[in-house]
Every structure is written in C-alpha cells, then in structure tokens.
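What follows is a pair of complexes built around chain A, which joins chain B in one and chain C in the other.
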Partner chain A sequence: MPLVDTAPSPPAHRGGSGPATAAPPPKAPLRTRLWAARWSYLYILPLLALLLTFVVYPIFGSLVYTFYRWNGIGEPSDFVGLDNFRQIAHDSIFWDSVAHTFVYAIVVVPVQLVIALALALVLNNKKLRFSAFYRTLFFLPVVTSPAVVGVVVQLMLSNFGDTFNSWLLDAHIIDTPVDWLGNPRIAMGIIILVGIWQTLGYNLVYFLAGLQTIPEEINEAARIDGAGPVRTFLHITVPMLRSVGLMIVILAFIGSFQVFDLVQVLTNGGPYFGTEVVNTYIYHLAFGGNQAAATQPDVGLASAASFFYGLLLIGFSVLQVLIFRSIAKRRAAGRG
Partner chain B sequence: MALLTARRPAPGPRPAGRRPAVNARRAAGRSATHVLLLIGGLIWLFPFLWTLGSSFKSADGFFSQGLNPIPKHVMVSNYSGAWKEASFEKYFVNTVLVAGGAVVLTLAATSMAGYVLARTEFPGRKAVIGLISVTLFLPHGYTIIPIFDIVRGLHLLNTLWAVIIVQSSSSLVFATFLFMGYFSTMDREIEDAARVDGASFHQTFWRVMLPLSGPMLATVGLFTCITAWNSFFIPLVFTLSKPELHTLPVGMYSFLGQNSTDWTFLCAGSVISLLPIVVIFLLLQRYFVNGLAGAVKG
Partner chain C sequence: MSPISRRGFLTASAALGGGLTACSSSSAKSTPSGTRTVTHWDWFVSQEPWIKNEIAVFEKANPKIRIKRTVQVSDKYPDLINLAFRGGDAPDFFQIPSTPAFPDQVAQGWLEPLDARATAAWQSRFPQGSFFNGVDMVDGKVYSAPFGGAAPWLQLYIHNGLFKQAGITNPDGSVKLPRTWDDVTLAAEAITKKSGGKAHGIGFGNAQNATLTWWIELFVRGAGSPAGYGTDGPDYRVGKWTFGSDRNYADFLTLLLEWKKKGYIYPSAMSIGDEQARAFFERGKFGITVGGVWNQPTWAEHHFSDYSLTTLPSPTTTPKAFFYYPPGGRVFGVSKAAALTDEAWAWFDHLHSVEAGRRWVEAGQGLSVFPRANDQAKITSPQFQQYVDTRRYALPWPVPAIRNPEVSQVVVPAVKPDLPDVTAGLYTGQLKDMGAALSALEDRRNKALADGVKAAQAKGAKVGLADYVFADWDPTKPYVNKPA
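Entry: the complex of A and B
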C-alpha cells in the first residue's frame, strides 16, 4: 500500500511563525516546542476528534458489547462472558453466511479480474482511438449506488423474468418456471452477476494504471526480438504487473467480503437465509428486520459476530500477503 | 457509429509488396475491435438505458414492451408522480444535503490535517501518522453499533447531521493520505515566499497552499460526493424510523417494500437517483480516475 509507505517530505517549518531556518533547535524545552506548534495542533484537531470518536473508539467499544447480552436499549448490564462468541461459533446460520460471502468473493474476484485485465489490455493500445470513451463506458456502473442498482434489477426481473421463463419453457430447457429471486441458488447467481458488473470498473482502472507503468521501450524491445503478443504478455506484462496486481487482488477481496447493499435490497438475505452474507447477518441481529427475526435485536451477539468476522478477515489478508510473498520468492529463487 | 470506426487512410506512399494487404487487415482488425467494444458497451449499459426509457412508459407499456427500452408513448407524469407523490423531492433534498455536508466536512478536516502533517514539525506528529496508518488496516463496517451508541449519546439520532458526520468519518483516513502526499510534493519555495511577504501561518494555508491544491480538492471532493450520494448502510441505520429523512437509496428501498406495483414510478425514481451523480462524474471524471490510479500505483 503505497499510501502508507510514502514517507512524508521533510517538514518545511515548525507549526508557528518564522522562516524554517529560524526554527527552534531540537533541544528547546517541550513547552516551547508545543507552543510553537500550536497552530499545527489546531489544524489537526478536527480530524483527530472525528477519527478518535467515530473510527478508533468504536473498534474497542464493540469489544465491550461482545461480553453482554443486550438488546440495545439502556445500558448493557447482563454480563455473559464469552457466551456470545460460543453462541456465534455454534450458529449454523452464521457459518452459512460466511460460506455465502466466500462463495460470492471467490466467484466475483477471479471472473472480474480476468475480464478487467483483458479489457485493460485492449484499451491500453496506444493506437486505439476513443480509448478513454470506452473506459468511461465500462466504468460507469461503479459510480452508481448498489442499492439503486438492486432496485433496477428487481424492476427488470419483474418485467422480463416471465418472458425469459416462457422462452426457456418453450425451448424445453426447464419444466417449471424459475422463481428468480425465490430460489437461493439462482438468487445468489444474480447477486454475483450484478456484483461483477458493478465493481469491474475499479479493476479496469487499476489495471490500466498498472499497464501504463510498463515502459513502451520494453514492449518495443520484445517485439524487435521477435516475441509475439502472447509471449510479451507472459514474460513482460505479467511480471511487471505483479506488485500492482497484488494490490488489486487484495482490494477486490476486501471489497467482496464487505458485500451488503446488493444482498439487502435484492433478497434481504432470503429465502430462508439462503443468500444471507455476513454483513446482512450482523445487520439483522443488531437491528432486526429479517423474516425470522421476530425476536429482540441482540447487540451483544451482533458485536461478537462482527468482531469474530473482523479477525477472520485480518487473518485472511495476512495469509494472502504471505502466499503472494512466498510465490514471488520461489519465482525469484527459481530464476536466480 | 460509422464516424467512430472510420479509419484514416494510411499516410504516404508505401513500398510495393505485401504492405497494403497487411495494412488493410490491420484496419479491419481495428474496426472489428471498435464494433465489439461498442456492442459490449451497449450491453454493459443496457440496464441504465432500459431504466431511462421505461421511466417514460405508461404502466401498460412497461409490461407489454418488455426489453424494448424505447417508450411507445412518452409519459412525463411518472416524474412528477415520483417527485411529489412518492416523496422523491424530499429524498433528493436530503441526499444533496448529506453529500454536500460530507464533502465540506471531509475537505476541511483532511486538507488542514494533511497540510500540517506533511509540512510542519510538532511533537506527536509521528504518533498521529502511525495511528492513521493503523486504522487504514483495521476492518471497517463492523463498528456500526458503538457508532450508533455515540450518536445516540450526542442526541443526533434521526438527524441528517448523524448521517453527514458518520459518512465523513468513513473516508477520512484515505483522504488525509491523499492530501499529505499532495502537499509533501509541493515546492517549499512557495511557502517561504509567502512567509517572506509577511503571510501568517493561516494566510499561508488558506490563501496560498489550499488554492494550489485544487486538483486534490477536486479528487477528494468527488470521491466523498459519490460515496455519500450512493451510501446505503449508514443512512439506513440512522434514518430507519424517520421516512422524512431518507436519502434516495434508502427511499428507493423502502418504496420497493411498500408499493411494489408502481413500477414506472420506481423507474423514474431510479433515474432521479442515478442521473445527477453520473453527470457529476462525467464532468469531473479525470480527477476520480487519477485518484483511483494513484491508490494502486503510488
């Protein structure tokens, strides 16, 4: 993640007034240094206040709730220790929702990356005119709301779902009409299809950015040496894209594991939890609103589920980085 | 379409031999690429085109015309219906307020912080950068319950302020890093010149550095605007019991649950929800695309 590795440039001057050359020496008393930097503190205050209140504290705050049985009203008082975690670990609906989320990610990410890379290779051709126009065209779904897209998909299904059914029936492909969002497998397929369509643009732009870092001279040299497009792709493009590619894969997985809007709008996790993903599962636990959740919301249980899933995700990211590292090392060793 | 696929004739005289044939084949290949890309693009955008067309259809036409996106009789009344009767006017105003508020808050907090983190030295600077870097890696989206609790403690539950503040905090870290990177590449002489001219710390930032960071303001502003406009989870949680505070995506969702038969109203509502942000994106897209590209390239 280059954003993090980027070392800030050498500071130009201290927070106070006066040119950089007249900055107090580093040994000045702390009080003087703090006072000199008073405006820096003032400027960073809004960010820190928001960050500590709405990002940092909640991470630890949710940990406290995991030890209570609490419906979200009043103060939590019913301390249950690790019971919530035990209950989550034994809840088959939780594990089903983890499985659904992983199926979503494992289908969406590879399919999407292959299409995005192919499209990026075509659009990266310097001789192709209107390449920016095509990029915009395929990128457009990214800037639209997944919730609204979910409604649009429902509208389309309500309209030609029946037409498709009669075509399929006439062609004797199916015997009974398909209940598009009522059949968990088909509903999941539709969610995956829409998910691929909606977020492909990110990966297209990422790949295009990566391809533009490959100097044209290298491709030119390969062509002069008689390498065809396939060999150029395998021996130049792929190795040169490795670091950007790792970033793209990780971002794509992280995004897919957080899927919520589409599922909530298209199926609400149904039918019978058949398309429940982890985020809808947590939402239903914490705020109710599920077909089976006539019960009280259970904030403690929801927090335990979120925390548990958060740990799973961190573990998965670390594993992913380690696997990529070891592949890179083995390749390097094999060559050297 | 013919205009797009037409190729310029190969310039200059060519040496005799196979060249013309090769050129012709290449030109044909390029035309085929354009045709494929255009057909693919048309299919890709079909859901939007169909929704736009259907928003002008009559209730009967909506079903009888099926996949055909071009309405037989153009009806504008779907829009007035969605705008007035189905409260899309309210949803639209709420969404504009949320997106605008999130943009202003995010830009103010992150540009100021990015500036002092990149250009000034103060005790604790490294600790702040460390804290921000760590939060970038912690899983987000699993902390909505304590956030809900804080918002309730601040008596902001069921207000648009809650949505604006929580929405802004979700993109703070990324935006701060973008501003830090941008300010750290700026020439130090600009600041020195301002100070020689007697500019104070505040004047240096607000009058010199901030105006110079226009492209980054556009990138962060556009990111925040698009995210806030499309946001579903945060406004859903914080305006659940207050229909008059719904944003467009939440309004669409609840409308779908209640009156699932007003299909053409919903099509018009979808266009009202999608079109403004698509237009904003098309006008400012280079800032968005550059920002995204920078995130992976570095």
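Entry: the complex of A and C
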C-alpha cells in the first residue's frame, strides 16, 4: 500500500453523487475569444506555416504519386492505380524492414528509458557535484548529427575492428574474427547500441524535468515515515512520474520508428537488407541505386510505401493510446 | 541588456542572407569586368588533380571565362543533378549521370544539342565511328562525345611485398602474377599462411555494396560469360541475363565462399568501403584486390608503387570473354539551361581536345579516345604501363540502339534484390541456396527487360526482345555495329 496517497483527487464535478456545482459561465463569442488570444495565434503562426509547408503539403502532395509508376524525372504519366500499394504489401523486403524497425524500437525504447531514468535519478540528487557538467555530457550526443555519429562509428569499426577482434580472440570470446557490419545481427546490435547512446539525452532531460515536479515535501514525509530509497522510488517517484513517463514512452517509440540516418550511414540497410528499416527502404526506392549500381528510382512505389507505413504507424499509435487508457481505467477502478 | 541591438541583428541577418544568396549554385554569371563564369559539376575525386589542372590551362587560354567547379558525392550524383534541374539550378556543364537513361535526359531537356558546334570537321578529330544514336547521339543529334580510350575497367591488383614474402615469384625474383582462378587461390593461401595472421590473401571493401560484383565481373568474363555482372546489358548472344543458367556465376561464387571459409579473405571486407580497402591494400593488410585504374593516382600521391596488376583471371590461362565497350562514348554534356552556351561549349571543346587527352594519360588517369594522345613514351609509371598493355582485352560489342535506334526508348525497371544484394546475401550466409537465388535473379532481370520492352511498345516504339539478340557475335572478336 502506498505510504502517501499520490492519486489525484476526483474533480468535484465528475460524479453525479458529488456536491452540486454551479453552472459554468456563458462562453464569449468565438470572434471575441480569437481576438483575445490573437498574440498566441500570431506566435504559433510561423511554426504552423513551416508545418504546413514541410509536413502537411508533402504528405498530400506525394499522395498523387502513389498512383503512378514514376522515376522522379519529368511529370508522372504512367498511371497504375493501386498497383504500387499491392506491390508493397507483397514485398517481403518491406515486411522485413518493418520487422527490423520494430526490433529496433522494442529494444531501444525500454533499455534507453531504464538507463535514462536511472541517470536522471542520480543527476537529480542535489548533493551531486558537477551535475550540470554531467547533464551536458549526456545530452551532447543528442545535438550531434546521427549521420556524423554513423560515419565516426563506421570509421572506428573499420580502423579498429581488427584490434577489437584481436582482443576478443585473445580472450577466447570468439574463435573467428568478426565482420562487424558484415554480419546482419551484429550490425543491427551496433545500430541499436549507438541509437540508445545517441538519443539517451532526450529522455534523460524529460525524466529530469518530471522528477523536478515532484514536491520535495512528499519525499521528506516518506523518509520520516521510515521509507528507504527503494520504497520511496517505487511508491512515490514511479507513480508521480506516470503521466510524464507515458508521454516519454510515446515520444521514444515515435522517434525510434523514424530511425533513418544512422542506418543509412552505418550499413546502408545491408548486408542483404539485414538492417534495412522502413525509412531506408523508402529512401532506396525513391532514389534508386548509386553510380556503382545504377538503378531506376521509383518515386511512386516509394510514396506508396511511405503511406502504407504511415497507416501502420497510425494503427500502432491508436493501439498504444488504447492500451494506456485501458491501464489507466483499470488502475482507477482498482483504487475506487 | 542585449549585446546586439535589434537593428544590428536585422542588418547582420540581411547581410548574411545576401551572402548566402551570392554563394548559391546559380547558373552562369558575368561580372562587371566582363568575365563570365561557367558552372561545372562532376564527381571526380582521384581525377581531381587532372580536372583542376585543365581548369587552370583553360582559364589561362580564355581569360574572360571562369570555370566554377562543384564536385558532388558520386553515389548520389544522379539524385543531385535531377534535383538541380527540377529546381532550376542546374549547372551549365556537367558530367552525365548514369541514370536516368541517356535518351530520358535528352527528353527532359537536360542536354543541349551540339550539332551547330560539333560539326563534321570537329567530329573528325575523333576516331571513325565515334558518334552513334543511343550512345552520344539521340534522334540524330549530338549531345556528347567520347572521352576515354578503351581498356578493361577492372584489374586484379597484386601487392608485390606480400607476394614476395609468400614466395610467389618467378625464377628471376619478380612477382608471379596470377593468371588463373587456381593461381589466385594458391597465392591467397600462401599469403594468409605465411604472414602469420598479419595479412590476408584477398581483400575488398563492400560497404557500398558494389565491390563484390567487381570480383564477379572480372572472374566470370575470363571464364567466358561476356555480360559480366550485367549492368551494361544481357549476354547479347542470347539476349538474356544468364546468372542462373550459366554455371560460371555459381562456380565463381562457390570459389569465393571457399576462400572465405578458409580464412583467405580479410575478415572486415563487408564493413569497410572501397577507399578504406585501397588504403589497407597499400598498408599490406591483404595481397590481392580488385579495382580500376582510378586506384593508381591515389597510390601515386601516397608514393606507394609496390604493386602490379593483371586482368581477366580465368579457369584456364586463356580468357574466353573480355571487357567490351560501345563505339563512341559520353562523359560530359552542356546543359540546355546554360545561360552561356558558347562559353560552356568552349570548355566542352577544351576537355575533348587531344592535348587534354594527352594530359589525362600522362596523369595516369586512363587512356584517351585519341590514339595519338596515348603516347607510351610519356608513361613513366610501370603499373600504368601494365594497365595500358591490357588494352587488347577490350573489344567493341553489339549495341542494340545502333541496329534499332528505337531501343533507346526502352527503360529497364530496377529489380530488387539485384546482383549486388544477392552476392552479399550469399557471402554473408543470409541466402543459403545459391542456385535458386541466381535463377530467381535471372528471371527478375529478364522479366524487367520484357516489361521495359512492353512499356516502350505501348508508347508506340517498334522494338522487341529480338533487338537484344546478336546471334552472330563472337565475344572473342571485335563486333562491327551496323545501323539497320
């Protein structure tokens, strides 16, 4: 049983059995309300314009291309109806790339959240010296471009891969040298490790912000009641971080599903599509091969894949929200 | 108080914006002094010293013209040039990308027809039969011109030091160059075993998913498969790709996997790129690699010359098929959007001069299309001389677009997985059944060709799969292309 009741009190107007509440004051006309908030609207206008130009317009702009076979040169003219969607739905490489993306997200998110929360708890300790320095240190990878990180990791592996192999062989951990990015499982593991390290800072900062919203008096009260650090963490910190935590989980999953640059630079989705994620799959369709292996790009197919994946993600997000709501309802019912 | 005033901030922003605008890759401009600037795009890296020198020579001879060169990343060049044309920011002069198909580039209005300037007199500087539809011409109009001379584009590079260390030498102490597949295997084994784990027999850098196919290209041609890895066309004897039905492909891939299994191949070959592999070869991490003549300038820059080369290793000592080239050729083109067509043409003319070709050869970049520029007396590098000596292994081959120009309208769609993917899958063990994988690839490629032909027919082109069959072609002899 929790030492301190951290559940929010039910609002007075929620149940019919509660005390009668006064009727809300009549709303001002829409025009008046808009005018009153004009500065707020003005301030969000630039962001809205950017969003419409670079997110909304391209989404609907590329919808047209999904119905054409088009290599991106000139105007599309070869109408194929829903063939592109059919082709994507029957492409095993696409489904493999979906699986790789989910594996990436499912491993990265929980591991990263646990590490981020642990680090946030340490950094939130007011007695810790140089905490600002550590925060900067952990946040630094976030502001580093994933493409640059990918290039550096690739160079490290190619230049020191032999040395790593020698150490592992000497320690009898392996019996044949490892081709670090040439083995799809190891390559995926490296991508996941780098992904965890590179975006850890975001979640760390979110958790720190969440921790700082917990009133110190509650922790103090728990300590007076004789709770140790573990019980305080389990019965105070975790419940009070719940709402922030849910948002962090959702954002972390969304971010992980969008993994692209790290994979593109580190492995280009290879070997043999072994690390292909959906965004690199789409990119390879849209931009074809390279000078060495020139192939005709297919922008129509890439657009269809993009839409198809978008629909899958919407489905996943809805499912995520429904699960969270169901958990919240069950908890509320358990308390009530 | 803020250290910068609002007015100051706005002024700085305006200046920065103006500066950035000035820096943008705009098309040709003239300055008040009358100097005109031609914008130029290419993807030359190891060829950079040569192109920079050509710019200097050209600008000295044409003081009123400046060449503003932009080097683009090679593997994204087709996307970048496409975006530049779509965005109205195309260069005046550019290296012609590998995709889209050349006739598509002309149809999209990327290239300026050069007939008014590339007159019959101008064309006469090139060897006879250098201009053909589908190669450097489209619909009878000239859009480009040949530049390089024909020689095998891939060689087997041998690290002399490692070969000598492993005792692979001739009686006179010189390095014994491998001629057959068995020679390569024995050399790889000797180097790997005698180096005590410090070096491997074979190495490459397949991070860009391209170099493994170079090995296929080099080895199966020697075995008698003239299509190589098939990017330039199918086996024209039958008009089809034959990855599954021609056993040379499976035989070589089996040998490759054998080398891997026995530990002859540098273990991180799939993790490193070609540039890194080139550096590792130089450092003696492996004794044999496959690459092109473009390796040589970089090694020369690093003062590394302890290597030799050969080409077309075969199951027997005599190659049964060679490297092939179409008559004519194309490297550069003048943009139709060029504001300064005369100046861009002057630059085009300069690069296609005998003198520029001679400097290309002297710089060890390759051979020139002009026989008189390939002056062997001026070649100082023994390795480049070895490369020049391989010329006999490059022959003209059939070009369907010369026999039937309407073939140019066929666009063969991409297949996925393609040969680079399948090879990587087999190498890493992700694909287990080699025969099935190669047969499926053969079917995909041939279906793509049939689809391309069908699409062209639907648009009214008079083409058929028979246009790709040259039953009279003997891959060991030069093919004489004749317009229908």
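Here is the rule we use: the second predicted complex is superposed on the first by the 276 of 336 C-alpha atoms of A that agree within 3 Å, B and C clash if a C-alpha of one lies under 4 Å from a C-alpha of the other, contacts with A are read in each partner's own complex, and residues count from 1 in each chain.
In this text, a contact is a pair of C-beta atoms (placed from the backbone, for glycine too) under 8 Å apart; a residue touches a chain by one contact, two chains touch by 3 or more.
Not measured: the values here are computed from a predicted model.
Enquirer: First (chain B), second (chain C), both or neither: which does A:Q154 touch?
Expert: both
Enquirer: May I ask you to decide whether A:Y134 touches chain B, chain C, both, or neither, giving the answer as first, second, both or neither?
Expert: First partner only, chain B.
Enquirer: On the superposed three-chain arrangement, identify whether chain B or chain C touches more chain A residues.
Expert: Of chain B and chain C, more residues of chain A lie in contact with B.
Enquirer: After superposition on the shared chain, which partner residues are touched by A:L47: those of chain B (first), chain C (second), both, or neither?
Expert: After superposing on A, A:L47 lies in contact with chain B but is clear of chain C.
Enquirer: Contacts for A:P184 in the overlay, against chain B (first) and chain C (second): which applies, first, second, both or neither?
Expert: Only chain C; A:P184 stays clear of chain B.
Enquirer: Just checking: does A:S62 make contact with chain B only, chain C only, both, or neither of them? Give me first, second, both or neither.
Expert: The answer is first: A:S62 touches chain B but not chain C.
Enquirer: A:R242 contacts which: chain B (first), chain C (second), both, neither?
Expert: neither
Enquirer: Intersection of chain A residues contacting chain B with those contacting chain C?
Expert: 72, 154, 158-159, 287
Enquirer: What residues on chain B touch chain A, complex-wise?
Expert: 4, 30, 33-34, 37, 40-41, 44-45, 47-48, 50-51, 54, 62-63, 66-67, 108-110, 112-113, 115-123, 125, 128-129, 131-133, 135-150, 165-166, 168-169, 172-174, 176-178, 180-181, 184-185, 188, 191-192, 195-196, 200-202, 205, 226, 229-233, 236-237, 240, 248-250, 252-253, 256, 263, 266-267, 269-270, 273-274, 277-278, 281-282, 285, 288-289, 292-298
Enquirer: Please name which positions on chain C make contact with chain A in the complex.
Expert: 43, 74-79, 82, 97-101, 104, 107-108, 206-210, 213, 231, 263, 267-273, 276, 285, 411-418, 420-422, 424-425, 427-428, 430-431, 455
Enquirer: Applying the document's contact rule, which stretches of chain A touch chain C when the two form their complex?
Expert: Within the complex, chain A touches chain C at residues 71-74, 78, 93, 154, 157-159, 161-162, 165, 176-184, 267-268, 270-274, 287-298.
Enquirer: In their shared complex, at which residues does chain A touch chain B?
Expert: Residue positions touching the partner: 1-6, 8-9, 11-20, 23, 30, 33-34, 36-37, 39-41, 43-44, 46-48, 50-51, 53-59, 61-62, 65, 72, 122, 127-130, 134-141, 143-156, 158-160, 163, 197, 202, 205-206, 208-210, 212-213, 244, 247-248, 251, 258, 260-261, 264-265, 279, 282-283, 286-287, 299, 302-303, 306-307, 309-310, 313-314, 317.
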